[in-house]
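Naming follows writing order (A, B, C, D and E), and every chain is counted from residue 1.
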Amino acid sequence: MVDIGLFTQIVINGLLLGGIYITIGVGFSLAFGVLEVVDFAVGEYVMVGAFMGAVLAPVFGAEGIFVIPIVLVVFFLAGSLIQPLIHHVTTGDRPHPLLMGLVFTFGLATFLRGSVLTIFGPNNQDVPSSLLTGGVTVPGVGTFPVVRTVTAVFGVTGLLVFMYYLYRTRGGMAIRAIAEDRTNARLMGININRYQSIAYGAYAALTGSAGVFIGMIFTANPGMGLQYTAFAFFMVVLAGMGYLPGVILAGIVLGLTQSFTAVYISGNLVLLVLFAIIYVVLLVSPAGILGKGEWAT
Amino acid sequence: MSGPVPSLDRLPGDPRYWYAGLAVLLVAWPLLFGAFWARIGLGALMWIGLAQSWNMIGGYAGYLDFGHGAYFGIGAFAAGIAMAQFGYPFLVGFGLAIVVSSIVSYLVAVPTLRLTGAYFAIATWAFAESIKQTALVTGITGGTFGLSLPRSPDTFVGVPVPFAISETFFYYAMLVLCLATMALTYYLFERHEFGYRVKALRDDQDAAESLGIDTTRVKRQVYVLSCVVAAVFGSVHAWYIVYIHPNDVLAPIITDRMVIMALLGGLGTLTGPVAGGLLVFLLERLSSVFLGSTTFYLPLIGVLIMVTVLFAPSGIIGILRGEVDRDDVRKNVKELGEKFDLL
Amino acid sequence: MTSLSGDLRFGGEVTQRGYDLWADTVNDEKGGIEVGGETYEVEVEYADAQSSPSTGADAASEMIEDGADAILGPYSSNVTLAVCPIMEQNSMPHITGSAESPQIWQEGFEYSFGTIPTVSIIGNEATSALLNLEPQPDSVYVTAVNEPFSVATGESMRDAAEEAGVTVENYEEFPRDADYTNVVSAAQDVDPDLHLHGGHIGSHVDLISASEQLGYNPDGFLMHYGVNTGSYKDGADDQAPYTFGATVWIPSVDRSGGVLFDSPQAYADASESEYDTAPDYTQAGSTAAGIVFQEAFKELGSAPPLSQDDKDELIGILEEIDVNTFYGDVAFETEGEYYHNNINTQTLLIQLGEDGSPAIVGPEDAATDEANYPVPAWDER
Amino acid sequence: MTDDILRTTDLTKRFGALTANDGISLSVERGEIRGIIGPNGSGKTTFFNTVTGFYQPDSGSVHFDGEEVTGWEPHRLARRGLGRTFQIVSPFKNMTVRQNMLAVQTDDDRSREEKRDRAGEIMEFLEIDHIADNEARGMSGGQQKLLELGRVLMLDPEVVMLDEPAAGVNPALESRIMDHIHELNDEGRTFVVIEHDMHVMKTLADSVSVFDSGSHIAQGDFEEVSQDDAVREAYLGGTTAEDDEVPI
Amino acid sequence: MSGGNGSKDVPTLSATGIEAGYDRHQVLHGITFESRDGVTCIFGPNGSGKSTFLKTLNGIVPVWDGTVTYGDVDLTGAKPEEIVTHGIATLPQGGGIFGSLSVEENLEVGAFTVDDAAAIGDRKAEVLEVFPALEDKLGQKARDLSGGQQMMVSLGRAMMTGADTFLLDEPSAGLAPRLVDDAFGLIERLVDRGAQVVLIEQNVRAALRLADYVYILAEGEVQFNGPPEDLSEEDELMELYLGL
């Protein structure tokens, strides 16, 4: 017997959870599609973003969302300086370029996690926000937690902004041209180094600010990154590698799978179900559930 | 001698003396330095062996197995379950570890080895996590409580072992396993046609097929072999550490370490995993001895990995062999500089 | 030995503060431990278990090798379970101040002791105390994170509720990384009077945040371990007040005349002045472990370094010992499922006040404050 | 009835909308050297790949030595005696020349020693025995071509399909490779050779097949074929209605 | 037929003693070349290095030795993205269109180095004037167009760069035979507008109709250069071409 009140609430939970995943999946998918980087550091960007929120929020009257513009700028700059390093290790005449990219970002992730742990210690840190508290209850439907709703809106907005940039601006056009063929893009006068840096910077900025939101929803902790790396991978596998619009569907599928498994099967089996889905999807349809992903190995 | 065993030959004097010295040191190690250093030694030997097991599939065959740690855990739990749940002696657990890991790895190999590159990496990683999650919710593995193995003295081939969990015993056990793994790697991958076929499919799969090499079969063979080796180390680890938990023996960090060790040392080389395994293991384990109580070793390892990948992609062995020299680094720096082109 | 790096570093640091405070105090105030007329300064050497059982076992071995006379144990049950066999093998006296899993004592390690009671006792007693509050609750919802300590906690909470004849609406385990809105929604759906949760601090924060976000308002939340730590207060922030927790010790416990520290408050003051941190029971239990060793050494009367015979004799002394400390009277069980565990403590039900500071609200005979119960709903705070 | 060792019937291979091989029927006689020429994109390499099992044909069949082998896995065909090389040299770079040779897998029951001896003979025959223990990555392009040929010979193949054996090779080495092919042909081995260097083709091939736009448009000896209008058209472009405007 | 009927004074693209290759493998052995008004054709068998040579002109393949100049400007070692700003546009083999971009975007990418929206609009109008067939395809993804239309996109995109010199790498390759003439017609239009065209072609007969000057390469060296009239006999051409 399915209780309708609980059922709709589970749907809401799943969708909003999916919204959180979308905030991470968007940039990751972009980074993959354009730069062919499988980035192990994605979760650590979330973590560092959350810590920036925790550390800087007191400066802004204990209001985490005011930190976001700073995070956007700082992460954009940091990301655009990191990208050339990644580009360097994944191109040229190196053996195993893909592995080199994976391992380089793994080193970066270890560095970021270790640095935050060494500097801030292992304690949980709150990212305060007095604006985003509580929930809005819609009678007969369920409760929408404010901070999660805002985060989901942020994620979807981020996706739309990215898509606008990619499909409606010259810079975005250049990035898509690079994604399709780097050499031909150069022949059109596109400075591929610059635009790849921009793309990676934008990805880092979005992921870092997602970290601020995630810090508000949960808590900031040096060890939190790993699970978001896992979820970013889930997202791109389900969405199809580099297929940006698929990210929304992937987020929804992931969120709903998680909430329904947790409530109607067992909380203990959530991760097992998710990993099993990823494994099976990869074996059966490596281009994602929509079959539109592209993998450039 | 060309290629595979370069390090000692480069030292001054007759290399035979160096090898003999090394052999004496390895054998005398626990007797010379006592229990703690025996433990460090046996840990290093285990990680060298594990890194080498990853090197078989990841280095020689070129398949980025990001779920290899699962087989370490499978071996540990196979031995653990045999000993703790059924009261069998270790050797039964050891055998079970081999049998179970062969079966599981073969079943995984058939569908998963059709994938390549990052697809394969993510699929194996998802598989390993699935195994860990399963172990966490299954009764026979002790689930979330883990398994405590019997501590009573065991028998070895029917002969009672007087020091069932003594470091010295396990040091020699790991020494034997590690040397066996090294010897197996040397023989199979550096001296036997099998290894040539494995490297052939890594370098050019189509060319390998055109030369009569059944690449599908060879891939499966390497995968199963490397997984069984990891499981063997897992089973001995369980016997030694006495208490096993999915979050420990099936942790993703186990795979991560193997990959990092093999890569830092030098992929697809016999001695690379030795160099990388020693470096990473000692850096982690001895950081508290040398750096004090700090987590500073983590960012240090991170930087080390990044610098190696940037400037010495063939790893420590590459540097030792002179494949990476100052000119390469300079060229690397120059090329890298050109890529900073934001403004 | 403790975990100074890795996932368990938080608890590791708490433990380290407890051990350090004991050693510093005994050295400063008494010049060390007096054994047979001579005073020996206490030297605490640390080894880092890096939150991993195998590293912990190595660290134990390192300390034994370095000639430790006795070992103060690591943080966390997993590491302890890997370390205890090493102690057995080397006949090394070992007291842990911070491992609470019932498994440890069920294994029957001869050389290992623990000053804080297993969590199955704490969880059970705290739950019973909470269920006695007026108006008496009819139903509880129990959740636990899927790891040994937390499951043991959750199970003991569930068992206590069942024993008290209260309806257990559900008992649910889930991994640490689960999304808590689903946990909360499922609980909210059955609308229990109380929510009981076993986990570590991060999971408490996630649970309480999700409850606030979804407007889930049971009459009270009982969470163990660690609601009276700074990490919970910082992490949960505005949501922290009114949370119930369990402890076997807080500074406001009324007792006096203990060895080394005269009263719990004296101990808390010492901790504040030394570390600028209010101690919780893990830190206190760790200090108490030091004090127990100190008293046992005195009774043994042999000058360090201890011979193997001395160590074996020390075990005998520890089995008999009964020390009055700021933490309570410490004595160890000598048989049964709590073998070598100190269960002479009294479990206290605490509740965080508006400012986040804990007050003892149960059980009745120990309570110093009135519980704020049922707790105000989220939108009424 | 000639003795066909390799025969394709209506072999068709499509990639999406592109028909790379359009019903190719072609027979190779036992013991001949058959050249395949044609402009870029005419389907020569696709034909090789379809015959040797790297591509599954959309229709048509391949017969080898009296047996239908359509759709066989490449390694099975190789062991059966159909060897091939690739347009882009693909030595196993991280192995020595000898190891490259020994990697080859056959079904026969020769012992390891015999195989090692055989590898030695082949290297000697190809005059690469002096670099037997050098890593392949350091070798010149020409030496890599010889190594590729040597590896194929380890299969003891009845038919050897060579994709541009002379491309990027200096003239001296080129004539050495030609000599080797002739010698091996004299031993009775059949060759199918794709080559752009017409000079090579002229001296090497007993007969030539011409491909254009995925079709097998002509066959004959080199002189015949090079006078063929269709062949000229394939190479020099279509003759159109505006032919009279062509300046030549 | 003669070139140079446009009014512009296009700088000469010249290369002197070019040596280049990939990794350690040398492909070009000292090629000297000069573009002429109209169409300069480069022929040669496969593997002769003609494509590689074109790529040294547009900067994709680094030059080992020798110089590339465009009028007075030294372009030796310049990056492709710089070279295009000097007025040299490339049509890579297969057209090099961005299939996932719309036709309009493909054109706009061509004008990537131009910031002035009005100028881009003018050029777009010009391109559509030359290729009116593209007018109602602007919104479509380029990969969905027919081969001939893709060719137009590719040429139009090159025109959008505002270049005076066009490097064309086998524009007729992969086109259906009936479209080949169309393709050459399009090239003629470029020339009519005053551009210089450097054309690599395997369709020798068709290309010769356009050629104002011919280079024949084999094995990385220039075997022949001169006006097409000098290639009086097709047999001679065939022999040169096939390297007999």
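Here is the rule we go by: a contact is a pair of C-beta atoms (placed from the backbone, for glycine too) under 8 Å apart; a residue touches a chain by one contact, two chains touch by 3 or more.
Note that the structure is a prediction, hence the values are computed from the model and not measured.
With steps allowed only between chains in touch, the distance from chain C over to chain E comes to 2. Chains that touch both chain A and chain B are the following: C. Counting C-beta pairs in contact, the pair that comes out ahead of the other among A-C and B-C is A-C. Compared with chain A, the chain whose C-alpha mean position is the greatest distance off is D. Chain D has its Cα centroid 50 Å from the Cα centroid of chain A.
Chain A and chain E have Cα centroids lying 43 Å from one another.
One finds 33 Å separating the Cα centroids of chain D and chain E.
Per-chain CA centroids place chain C at a distance of 76 Å from chain D. Contacts with at least two other chains are made by residues 133, 136-137, 294-295, 297-298 of chain B. Residue numbers of chain D whose C-beta contacts span two or more other chains: none are found.
Counting only residues that touch two or more partner chains, chain E has none. A list of each chain pair in contact follows: A-B, A-C, A-E, B-C, B-D, D-E. Against chain C, the residues of chain A that register as touching in their complex are 3, 5-6, 9-10, 13-14, 16-17, 117, 121-126, 128, 130, 133-135, 137, 142-143, 145-148, 217-219, 221, 223, 227, 258-259, 262-263, 266-268, 270-271.
Partner chain A is touched in their complex by these residues of chain C: 5, 7, 9-10, 13, 146, 172-175, 177-179, 181-183, 185-186, 188-189, 201-202, 205-206, 209-210, 212-215, 230-232, 234-238, 378-379. The residues of chain C lying in touch with chain B in their complex are 4-6, 9, 46-48, 50, 52-55, 57-59, 61-62, 64-66, 78, 81-82, 85, 88-90, 101, 103, 107, 146-148, 151, 173, 175. Against chain A, in their complex, chain E makes its touches with residues 23, 58-60, 79-81, 84-85, 89-90, 92, 96, 98-101, 105, 108-110, 112-113, 157, 161. Touching chain D in their complex are the following residues of chain E: 25, 45-47, 172-174, 177, 180-181, 201-209, 228-229, 231-234, 237-238, 241-244.
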